[in-house]
Every structure is written in C-alpha cells, then in structure tokens.
Amino acid sequence: MERVDLNCDMGESFGAWSLGADEAVLPWVTSANVACGFHGGDPAVMRRTVRSALARGVAVGAHPGLQDLAGFGRRAMGISPDETYELVLYQVGALAGFAHAAGVRLSHVKPHGALYNMAARNASLADAIATAVRDFDPGLTLFGLAGSELVAAGERAGLLTAAEVFADRNYEADGSLVPRNRPDALLADAGAVVPRVVRMVREGRVASVSGADLAVRADTVCVHGDGPRVAEIARALRTGLEAEGITVAAPGARAHAG
Amino acid sequence: MERVDLNCDMGESFGAWSLGADEAVLPWVTSANVACGFHGGDPAVMRRTVRSALARGVAVGAHPGLQDLAGFGRRAMGISPDETYELVLYQVGALAGFAHAAGVRLSHVKPHGALYNMAARNASLADAIATAVRDFDPGLTLFGLAGSELVAAGERAGLLTAAEVFADRNYEADGSLVPRNRPDALLADAGAVVPRVVRMVREGRVASVSGADLAVRADTVCVHGDGPRVAEIARALRTGLEAEGITVAAPGARAHAG
Amino acid sequence: MERVDLNCDMGESFGAWSLGADEAVLPWVTSANVACGFHGGDPAVMRRTVRSALARGVAVGAHPGLQDLAGFGRRAMGISPDETYELVLYQVGALAGFAHAAGVRLSHVKPHGALYNMAARNASLADAIATAVRDFDPGLTLFGLAGSELVAAGERAGLLTAAEVFADRNYEADGSLVPRNRPDALLADAGAVVPRVVRMVREGRVASVSGADLAVRADTVCVHGDGPRVAEIARALRTGLEAEGITVAAPGARAHAG
Amino acid sequence: MERVDLNCDMGESFGAWSLGADEAVLPWVTSANVACGFHGGDPAVMRRTVRSALARGVAVGAHPGLQDLAGFGRRAMGISPDETYELVLYQVGALAGFAHAAGVRLSHVKPHGALYNMAARNASLADAIATAVRDFDPGLTLFGLAGSELVAAGERAGLLTAAEVFADRNYEADGSLVPRNRPDALLADAGAVVPRVVRMVREGRVASVSGADLAVRADTVCVHGDGPRVAEIARALRTGLEAEGITVAAPGARAHAG
C-alpha cells in the first residue's frame, strides 16, 4: 500500500507576534512539527498548538531549533555535538511536558532551519540529535532530509526515520535542494506540485534541475508553514494524493500498523 | 520516626558564568532543586547537574523561575495564572528530559525566587503551579514555604507537599520571613542554626523575632546555594541532625516508604 | 495658536515576526516612538524604522520598554530606580546610534507599556526615567500620561515634557484611563473620537465616564500602533484636527519655534 | 618614540553572575573594551564599568559581540553584512549612552569573540563593522587582529586602526593565532611574555611556531580578561614595557598627539 505523511511546521508565533496559518493547515496535514521556544514558539503557544493538533487527530512532534530568536533559527551556528545534544533534549522535553499534560505522546522530532541543514551534512551533529531523541524516547520517529546524514544517524541510533521531501522546491542532481537565493529554487508551475509528489511517493523518483531523474525516498512531505498559500497547497496535496489512492497518514501510525 | 529533608538550589550557572558550590554541597543534602533555564541554568548545566545529583544519590527536582535571566528571577512580574501554569510546565518538562535520559525520575518541584514568593501569598498563582505539577506527574512532591498558599494549593491538587523552613532566616510572628533588607533578616548567631532546626523538626516550633513561639511544619530545610559558606552550613546541618537521631532523607523516599 | 502632536508606537516587529502598520500610519502622524529591542524591535527594524520616519519628516523618539520580550513589555516588573535608569539609558543610546547614522537627532522619549504605567504612578521610577533622559540629552522631550508622575518628574529634571492623551480611551473622574478589561474602556462611538480630541486641545477638557468634565493637558495624542484600523484613525485625526485649524506638529518643533 | 596600548575586555559580568577581575586589571591597562549586552554585560554592569575606567583614566571602548548570551559570543554565526552592521551600531550606541552620561567619549571599538575572528578573515563582515563604527563616529579607533581583514577594512573606511597582538599566544607562520585547542596555543614560558612583546613593539617581529620570524604591527596588546592571572600579567607587561622606555598609552591619545 502506498502511503505518505504531510507535515507542517507550527506553533512558531511568539508572545505578541503571530506567524503561520496553523488552524487553516491543520485539517489537511497528518504531522505537526511544534516549535519549542528557541527559534520560535513560547509556552503559551506550545500548549495551544498541542491541543489544536490533538483535536484534529494530527500527530504531534517537536521542532527544536537553534537558540536564536532574533534570527528565527535560520542562521548557522558553530555549536558542538554536546551542545546539539543538549539543546535538542531540552526542547523535546519541554514540548513533551505539554503533550503529556494534554494526554498525548510525542510522535516525532524534526529539527528546524539551520539545525536541520547542518545536520543534513554533518554526521557528528546528526548523531548528537539522533542520540538525544533516542535517549528521550526510542519510540520517536526522526524526520530528516531524504538522503541526508540525519536520516543515516537516525538509523544508526535504531530510530524509525522519515525521509522528507519538498513539494515545491527544486532539487540539484545530487539530491540537495536548490538554494533559496537562486531564481529556480521554487517550482515555476504550481500545478506541477501534486503530480510531482505523487511520482516521488509512487516511483521514488523526481526530476532534478539538470533534467536527470533522481532517486528519492519520500516518507513525509513538508508543507511550508509560513507561506501565504500554505493552506491551499496543503489541501491540494491531501486531496490530490488521496484521489490517487495514496494513504496520507503519520509515520508513527505506519510503524504501529506495520 | 523524626525525619527531614535538606534541599539546595543548584545548577544556576549559565553559559560562561559560574555560580554556586554545587559539588561541595551535594555530599550533605538530600534534594537538589535544579534550575531550568529561565532564571539560570542552561541545557549543558542541567545535564551536568542531574548527573552529579544522581551520582550522589540526591533526589532531583525542578526549580522553575520567572523568565528573567537579567534579574535572576528575583523580580516580581505581573503574570497571569495561565502564564504561570505554562512556564512551570515548560521548565519541568525540559528538566525531566535530562532526568529521563540519565535514567532517573524527577522527585519534586520547588519554584524559584520571585515565583516562590508570589505563590506563597497568591492562591491563584499557587493553584496554577500545583496544577502544572500535577498535570505533568501526580507523583511529584511540591515544595513551598511552610504555611503558605503554595503548600495549600499542592494539597488541593492532591499532591504530596513538603513544607520548607529556612535554617538561618528569622521569622515574623505571622510565619513570614523577615525581609532580606532588614538588619535582623538573618540569625545573628551561626551556632544557633542547628539547634533551631532540630527544634523545628522535633517540636514543630520556632521562636519569631517578636519572641513568641510560632508553630511551623518542617518537612524540608533550605540550604542557600549561593552563599559563600553554603557547604559548611550544609555539612553542619547534616551531621548535627543525624547526631540528634533525626533521619535526613528526601520527602519522596518518605512517601514511598510510608 | 492651537497645536498638538500625533504620536504612534512603531518598529515593534522582531526578527521573523511583523507587527503594526508603520508605513500606513507614518503619513499621518508627527512623532514616531521607536521600540528599542527590549520589548520589541531589533537592530534591523530600528534602522529601517528610523529611516522611514526620517523620509516622512516624522520626529523620531525612543520607546524603551521592560526587558520582557515574551510579554511584550506589558507585564509589570519589580525593578529598582537604578535598574530603571539603566534600561532607559541603554535603549535610548542604542536607538540614538541609528538616528545618528541616519543624520537625525532623537526628539523625544516615551516609555512603553508596563514601564509607562509604572512611571505614571511611581515617582521614584519616574525620576529615574527623567534623569536617564536628561543625562543622555537635556534637549529631549519626555512623553508621559497627562497629569502623571512621569510628566512631573520630567519637569523636575528640567526637561520639556509632552502630556499625552488617548483619543479612543475613556477616562475615570480622577484622570486615569478606564482599565482595558472593562467593557467601557474604549469609546463606544468611533465618530466621537475627533471632536473629543479637538475639545481636549482647544478647551483642555474631556468628559469622564462619571459624566463630569475633567481638566486635561493635551500636548500629544497617542494613536495605537497595533490596532487593525490604526491608519484610518490616524488619518481621521490628522485631517479632522487640521480642518479645525489646529496645527499638528511634533513638540520639538514647538519648542524650537517657541 | 616607541609606544603601545594595553587593552583588556571588561564588563563581561551579567546579572547575578560575575566574571573577570576588572578592578584588579584597571590600574595596569590603558584601554578597556566594555561588553555591550549581547554576549555579556548588562546595563548595570556597563554603567559601573564605564565609571570605573573613567576613574582610572583608562580609555573606554565598545566590545560588541554576537547575540549569543548562552555561548558568550564565542560561536560563529552565519550573519549577513547588514546584520553585522546593525548589531555593531546598536551595541556601540548603547554603550555610548553610558559614556555620554558619565561625561566621557568612546575612544575605540573592538569586536568580541567569534565576531572578531569572523571579521579577521571575511572582508564583507569587516567592512560592515568598519562602516558602522564610522557612521557612528569617525573619530573612533577600530581594533583588529594585526594583519587581518578588519584592520584593512578600518583603513578603507578612513578610521584610525589599532593592530592587536597577543602577549601569551603562539603565532602560525602566516600570522594567524595557533588555535586554542592545540597544545602549543599558549607560550610555554610565562617569563617570555614581556621580552616577546617588547620585541614586537620595538622590532615589529615575533617568532612563529615554525621558528621563522614574522613581521607584525603591534599597536595594542590584548590582556585576557577572564584568565586567573590576568592582573598579574597586566602588571608585568605595564611595568616591563615602561622599564624598557616604551610609552604605554591608548591609541586615541597617540592620534590626538600626532
């Protein structure tokens, strides 16, 4: 049976500042990556977001980031593996407190922003993240860029992993994403998003910007939480994938059903 | 059997800055209140402090504070009960992550500084704290000033509570502490500390500054973590209490043994 | 000649988070109170906001707040007069750097949120603020609630002061604002805003909720920066006041012209 | 006439946490680099440190760092030139407020930690720093590693610059410092510190770890503020240099005298 997860970063508001369209996206996705206070999110937002996801039956995961509120966790930082382990464990624990109080278990962890990108390429940082996740709860699924060091580290740590693909981003021939500052970073044709994801799930292949096909493992599709049309894209993906007979469900559900 | 706990605030270093004499105090106390990052402490300090306490057989508790690093959590803030609930749950969860990874359960929660003082007098804030603690884990013991609203709130929430007394502070006739800015805030005679605590434990009474005796419930004695002679005082209390035949042990141990 | 200033809090975005409608409001106001990074604002926002105000010919002032980003500076804190002096001087200096680099001098200082409210009632904190402003630049105008301790402190410090009134808030008979949590905090009739301000400027009087008239000094009118219709209200006030023949200009301009 | 400056990082305490031996070092140095709140320091510490330096006749400069309190500004961050400009201008302005209130002008700016190291190698970041300093006050002296991009950027911006050398660190043959994690990072022989600095000042040469001599411009010597023996080293340098007939004075004094 073909299946895939739709995940979205959420709970990235902070104090007086709102961000994202969480309530509009929640009906269409199956995994919510909830910010944990270091790059965005605060205790009130975390409590509210966990409850909203739970009410919609969406799996709740932690979305830990670098301790850089001013830069929204998007600026690379020279942190050590020990510091990486510690900031992940702190944030996962903090979110788990809210999940536990709401009567739900965390299902997954997906690092945010620069931490995600650093861990995609750096095996030491990736191992630190995977170890923190496993030390907290070996039943958690670790989300990482498909083909990255983070997915490999999760497997080394004995965790379930979910290889993440991006619906609207172009890929280089080596499987990395075209950087955001290039004009071809995003798909030119919005109508191509759904068939592209269907092919990634069904055939495990996607066309790179070089024209050549690329093998890709697509366990979960990222729906960007801070774009203006995020709810529309999430809806198109959910309905388009299901119309193709692809089951849309959180990886944890798969693992438990497996 | 007479028994009492000796607790000390710990893990209040932050980044490049050191504070306290944790390693020197740990041999003598039975409960460690570990800072959780809002008023002091950081993920690296939390990890290290949990491990040190565990290695010494000292019970590990959370010491959540107001989000005021610059003021070390000592300045009162006008926070709502909801905000109080959320900041306690966040911090307890974060510390529990480190405890869980180290293979130990949290035993208690003691609010820090201004949060402790606000909760001693304000029943709404006290209830918010007690509810957060119970929602996280109803097996946790809540520490609060003896005779305060916080202890009452813990009992309303169905939690085990530990009434805290201060070894070297003077009391008003109403059971409150003489404010730190008064010349008689501290006991004049250091030699009086141990017999005073022995009497609090054994008779449930202590002399107030008015001269009149005060009834006091002494489940746990606070050893100040940031004073210069803290290790010396902790040692004197531990050996002095045990020489009197009083068992010195964490409240959780009592509860489990009860 | 009758004249009044229209001021608006600005530059309260932070990092990835946007707040306010600064560009839409700037054409109508005469003083911009620019957040300085403690309750909102960051160095990039400060630089941009100073330039925007300068481009519109709007007077640039500092809007220092409590160091409480999570609470947007709206929660009272138990800070000392020394701490108050220091946080004001720090923030005014920081903003002055951007003003200086842009070739403009700061014209005024208006404390934000809880700091504004605390200084309205507490003479020691008000004196600390006024002293910091004077020590930085005795040519700055200090904005404070009309009739408050802050205006009195500014006068004691030898500063020019601007007594602030609120266009859409109701007043108690004693001159304080009806608290926001009361149903009658805001004027019921939006159409009453302009004639009400005209009367405050022209007659120095406003009707309180008790029905009785209140004497009020109206040097500057606050236009709320984070409401949805802020640009519309700013425009109505500017055009309405000018249609009545009232000059709308920053206090500094008055002082220089005086 | 031979002359050189002795500078020391200062004011790096924060809130309840103390760091450094400022009062013990001040009698021996001629320039104080005062932390500005992003990596260390807070408004109270800044005020106090400016006053102490002024009382000792020591030149006051700004020591801006990355916004990373938890990492003490020592972890590299992927910031843009615009962000660099803004964080320097913000911090220099903030410190200038305290200097101005104390009746003294800032004399110099020396970036801290990772910002210093990034600017030593990256011309874009170095230009951003130099431009911020010049936009604030073209009379400020910019301190940077001798031979680095930061000194070159200061010269491009038309600033006075001070090339900094390190008394107790070993140099590579290319003029960079031996990294701290290498066993030969520090001079093995403490007694060699003074003659080594004398030679750097007098001959403009220093032996690298390869054995080969290196040309070096030594306008100012860094005395590490957080080492245990910092006051002792500062004293040895001051008295040793003066015994050799070398004038020890802040660069600003030289510039004014020139």
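Note that the chains take the letters A, B, C and D in the order they are written out, and that residue 1 is the start of every chain.
Throughout what follows, contacts are C-beta pairs under 8 Å (C-beta built on N, C-alpha and C of every residue); 3 or more make two chains touch, one makes a residue touch a chain.
On a predicted model such as this, the values are computed, not experimentally measured, just so you know.
> Of the chain pairs A-C and B-C, which one is connected by the greater count of C-beta contacts?
A-C
> What whole-Å value do you get for the distance between chain B and chain C if each is reduced to the mean of its CA atoms?
It comes to 43 Å between the two C-alpha centres.
> Residue numbers in chain C touching 2 or more other chains?
42, 70-71, 83
> Please categorise the chain-chain contact pattern as a line, ring, star, complete graph or other.
complete
> For chain D, which residues are in contact with chain B within the complex?
Within the complex, chain D touches chain B at residues 12-19, 40, 42, 69-72, 74, 226.
> Quick one: in the complex, what on chain C touches chain B?
Within the complex, chain C touches chain B at residues 67-68, 70-71, 75-79, 83, 114.
> Which residues of chain C touch chain D once you look at their complex with the stated criterion?
37, 42-44, 46-47, 82-83, 86-87, 89-98, 100-101, 132, 135-136
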